[in-house]
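Shown next, in structure tokens, is the structure this report addresses.
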Amino acid sequence: MHIRLINPNTTLAMTELVERSAARVVPADVRIDAVNPSMGPASIESHYEEALAVPGLLEQIALGNASGVDGFAIACFGDPGLDAARELSNGPVLGIAEAAFHAAAMVGRRFSVMTTLSRTRGRAQELIERYGFAGDCAGVHACDIPVLELESLGEDGIYGIAKACREAVERDDSDAVVLGCAGMADFCPQISQVVGVPVIDGVVAATGMLQGLIRMGVSTSRRGEYAAPPAKAMAGLLAPFEIR
Amino acid sequence: MHIRLINPNTTLAMTELVERSAARVVPADVRIDAVNPSMGPASIESHYEEALAVPGLLEQIALGNASGVDGFAIACFGDPGLDAARELSNGPVLGIAEAAFHAAAMVGRRFSVMTTLSRTRGRAQELIERYGFAGDCAGVHACDIPVLELESLGEDGIYGIAKACREAVERDDSDAVVLGCAGMADFCPQISQVVGVPVIDGVVAATGMLQGLIRMGVSTSRRGEYAAPPAKAMAGLLAPFEIR
Amino acid sequence: MHIRLINPNTTLAMTELVERSAARVVPADVRIDAVNPSMGPASIESHYEEALAVPGLLEQIALGNASGVDGFAIACFGDPGLDAARELSNGPVLGIAEAAFHAAAMVGRRFSVMTTLSRTRGRAQELIERYGFAGDCAGVHACDIPVLELESLGEDGIYGIAKACREAVERDDSDAVVLGCAGMADFCPQISQVVGVPVIDGVVAATGMLQGLIRMGVSTSRRGEYAAPPAKAMAGLLAPFEIR
Amino acid sequence: MHIRLINPNTTLAMTELVERSAARVVPADVRIDAVNPSMGPASIESHYEEALAVPGLLEQIALGNASGVDGFAIACFGDPGLDAARELSNGPVLGIAEAAFHAAAMVGRRFSVMTTLSRTRGRAQELIERYGFAGDCAGVHACDIPVLELESLGEDGIYGIAKACREAVERDDSDAVVLGCAGMADFCPQISQVVGVPVIDGVVAATGMLQGLIRMGVSTSRRGEYAAPPAKAMAGLLAPFEIR
Amino acid sequence: MHIRLINPNTTLAMTELVERSAARVVPADVRIDAVNPSMGPASIESHYEEALAVPGLLEQIALGNASGVDGFAIACFGDPGLDAARELSNGPVLGIAEAAFHAAAMVGRRFSVMTTLSRTRGRAQELIERYGFAGDCAGVHACDIPVLELESLGEDGIYGIAKACREAVERDDSDAVVLGCAGMADFCPQISQVVGVPVIDGVVAATGMLQGLIRMGVSTSRRGEYAAPPAKAMAGLLAPFEIR
Amino acid sequence: MHIRLINPNTTLAMTELVERSAARVVPADVRIDAVNPSMGPASIESHYEEALAVPGLLEQIALGNASGVDGFAIACFGDPGLDAARELSNGPVLGIAEAAFHAAAMVGRRFSVMTTLSRTRGRAQELIERYGFAGDCAGVHACDIPVLELESLGEDGIYGIAKACREAVERDDSDAVVLGCAGMADFCPQISQVVGVPVIDGVVAATGMLQGLIRMGVSTSRRGEYAAPPAKAMAGLLAPFEIR
């Protein structure tokens, strides 16, 4: 079984982090790797950047299909391009926000979410409602650390996020915390120790759930909405994305 | 006041249709025009195509900002890129699905929607829920005519859509019909005559509501989520979209 | 095009304020006026008063119909008698709460509401749910100033409301403010300057949206629920309202 | 204990029917009577008529207060003026739609509603949502018999309604039926025999539940929204309703 | 009419308290008694204990059926075994949480809940959603007093709960309080005096509403889901529960 | 890693079927087995039977804890005793309905459910709402085959279920089917071939997702609601369940 994680921004260090995190939760018969697109934003902290990350994501789905990848995870907490990726991919596709919410719903009644910048909370809230977790999510919070600074955060910085998580759990009276950025995947054990509740990172959650779907032999339904996209002329700069 | 409609696909005939339709509902002090991107799909009938229409849409928002446009409508029923466009635009932005749902909610208790291909109903349903119209929408239906065939449909074809609308209203026991494609903007009067209830086209609905917002002097809030996108490196094919 | 605003209480100064506010947002081809009933309460701050404002409102709809009015706005934030008015009116009818919520939903993800007396918040909350804006509204607040004192408020009083709005936006983490009384229509620019987010007054919102509906040529659906009320005996004091 | 039912239309025969029905479900220590207003519509089948029934209803609440009535039921399925009546009444007030929905929710998972004219279904649906029964109600149906014809319906007519109820239960796969008009209160046993599920009439449901509330010693909360309406000038035809 | 309250834990003092409380709200023609099971937990403060209270509850329903009981109330705020009890009972069955929520919804727009231990709030929240009261409940709070200590609480302890209720009403801006434990049934008058809003105890609420249902002649629907449980082999320790 | 499936009824053949099904979807490092209780009903088709299956389920959780089991699945589509099991178990616990809904939500927009007897649909609907899948589930259907007849169904019988699934997908316009009984776990491939959409069995779904949770190192939160049940006296027949 071959699972590929796609970091939809173009920052290689984050791609490597994502691969490292996922590799910890797979048994011997699973091959895991992570890639990032050749185009698009260095990090995703606005709707504008999220929209412009999607073409590169689709580029990577097409390449992964050609390489016989069995399933994909989109390693950005906004789950950019998920519906389009599902149409295009041969195997199942999960977003890390989606996977994290599903996992968090299995370990308690309500969870809190800790994202990076405040402005990204709206998108997280929207996904929570879209996926049906409005009754499970007790609050969406931000630590206001930019995505690209997570990498070089150091012990104190991580402890700061952990404290913010603990306060969120107290204020929300919740049972678990979801980390709202692929760049936080490494911090799970440290934060969990401080907060004393399950801490869910979407990268490993998606990796685990994809294995489940692939072993079950199910993938995205091809009936109707998620059938392969039709052949269609594609003009200008985006001509390379034309499907013939 | 200058309102611009952006047809996010690259088919000029549809851009012209959209401009013609909108021009009918503006008073003398409003300048109206329609444009389409230099890149992207010829029509939008899948999530894949919708995702790839967004860069071209954002290109047109940036150009419109530079030309002093006061407000934009996105003339595709999937409201592609609406959140990103709101971040980028100087003035208010409405999607035609959004505007049509708002208008339909004002003329009765419940409305039916008639889209083009069946596979697009999922996106319509998602927008209905996202915008809070789940209690207002009585059903989403498809006439299964591809977008680019709408233009050359002829009297019989339009009558066929009208009959489908009438059946939808009966089955859903609804008070109004929303036409689910910018390419149907021309058909309102004919369909309305057959169905006997208000028939809402999003192109004219958005044009009317944008005027209201602009005269009120309100635009997208800049507090938090919809602040202008930050400066960020943008790699590869999409480098032209970099914000400095 | 002739749009009429009906102030459903009997206080003339408020009727004049409403007319003045609306007049600022109409182009040259729109005639605008405001009226109030011959009967009913001096202001509306309870369910009892709201109920007793409705006969006078319906009196004014009937008179407006006879004068060829093209559309009506009900200039009280409880939207009293809206459904009955829609049955009776020849043209479209909007409540100012309804119109304000629609407009606020177009300029951000979530809005706060600032009403007059605390006891009116229940009605505001009910309308928010009735119209489908529960996911858009982040909080309903009161400044606890009686309706009839708004007129003589002075700079300090207006600044007090503005500060309360700013605190509401911070506490609710919202993108916009809806002013919850027709008597606040004048305060928009001052409050907006203090709060730094879009401030929506329902009087101008309804005036703008009614123009859109009338230019589109749509009015309340006559299919079923909103057909004209049937002929029916009407006894006693209310005999003048009998429909023959 | 003195419970009064208010038939908010001016048709005496219906008032008598309501009193007769309620009298069957009270123990020896409860005094029951029914009244109707001196003003307003002969029956309530539109929003217009419902609005114009409210002043007469409030007249009767005030009279009942003066007579020491302990609790009121509003015997019309649209629950007209319920919030205003709660402000005004010394004791608890229930609408018959409200009471019927509560009772139906206690005897199964989902119920069907059978109203009179089709156009009244919108109001029933609105009340279902307002009171929180959207998940309990499986369908709202109409038998299309005008309210004032119910009285003289005869065996065949009642059997016709019963058959419509049975079909509704089958189609909705529901556990109970709510009768959507005070004028149907007499039909419960006959309809129940045909349908084979609990059939709920709101007149007896409200009478039963009011006794419960009164024996518990609870009435409408006076904290905030439902405090007594304030003193306020009331002009013109409605001057008799002024509170001093 | 014979109404029986079943205290589903095995603590006799609580059974007696429940009987005493209910006896105060029944007229002369109603016989009331309370019982508890021969098996199960001494009090119910966890999901584990709730699950293990259900066999004893069902034992008592079967015994009550054999004694000709007309209706049952389950006197524990988690409403344990309610659906199973409805299948088994000849007459209607109400849970005290269910009954309290229904009553509280009739006396204001929103209510607060005060339970015993914090860990029981999740179950209360679940019931609120299950029964459709999510829009009516403004907050679920805990006073963190174990169930079996309520009995010996003394004046100061009761006043402590009353103060917690008052703070909850202020914080939630609610109209009424629901007491979240049968063991608090006695405290209603004292708490009500402190808080100044209606205070609802489920034991008396259920007693009152059961009378209403029984006088109406309605019981649990036997169509489908709530038909009597089928004959089925029952093994081991639970063989006494086999239905033949 | 040791995963144990608990069939909460006492029919050994079904326990063996469940173990066989789960064994197909685990890699070499996972030990899988299935057990059933010593007490309770032979199959679960009513609320009464479900309630009486829970003590036996809890007996097996306690035994599994003692054997070092890492996680449990409850192999009955009503997810009986899930909350109590979570309190008691050392490792994570999933219900097969819960797991199946989560998996189905990942492969399309909406799914249909096919249960056994009609009377079990109410419980399925309740779980769908409890878990937040109301927006994902397009319909709950029954094939009206008793649980214990599934085992000896033969090719024709399985084909009959498959046809019912296909009709459900057409009628619901859904993307996937969830099989609503552990006894159907074997039928996935055959039904999938007939229906042409993903067919989800909860036994394998739960097995897959449990692996994910265990590899992530997360289990049920111990903060508050799901802390271990407290020590408490347990009387009579159920004394063996006392926690000391």
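A, B, C, D, E and F are the chain letters, set down in written order, and residue numbers restart from 1 in every chain.
Just so we're on the same page, a residue touches a chain if its C-beta (ideal position, glycine included) is under 8 Å from a C-beta of that chain, and two chains touch if they have at least 3 such contacts.
Source: prediction; values computed, not measured.
Contact with chain B and chain D alike is made by C, F.
Minimum number of contact steps separating chain C from chain F: 2.
Chain centres were defined as the mean of their Cα atoms; on that basis the chain farthest from chain C turns out to be F. Interface equivalence for A-B, evaluated over D-F, C-D or B-C, points to C-D, where over half of the contact pairs coincide by residue number. Computed from the mean C-alpha positions, the centre of chain A lies at a distance of 52 Å from the centre of chain D. Note on chain placement: the centre of chain C and the centre of chain E lie 44 Å apart, centres being C-alpha means.
If each chain is reduced to the centroid of its CA atoms, chain A and chain F end up 28 Å from each other.
The set of chain F residues that touch two or more partner chains comprises 109, 121-122, 126, 129, 135, 173, 224-226. Against chain D, the residues of chain C that register as touching in their complex are 10, 37-43, 45-52, 54-56, 58, 81, 83-84, 86-88, 118-123, 126, 129-130, 224-227, 229-230, 232-241, 243.
Listing the residues of chain C that touch chain E in their complex gives 121-122, 125-126, 129.
If you check the complex, the residues on chain B that touch chain C are 25-30, 92, 94, 98, 102-103, 105-109, 131-136, 169, 173, 175-176, 196-201, 204-205, 207-209, 211-213, 215-226. Residues 109, 135, 173 of chain F touch chain B in their complex.
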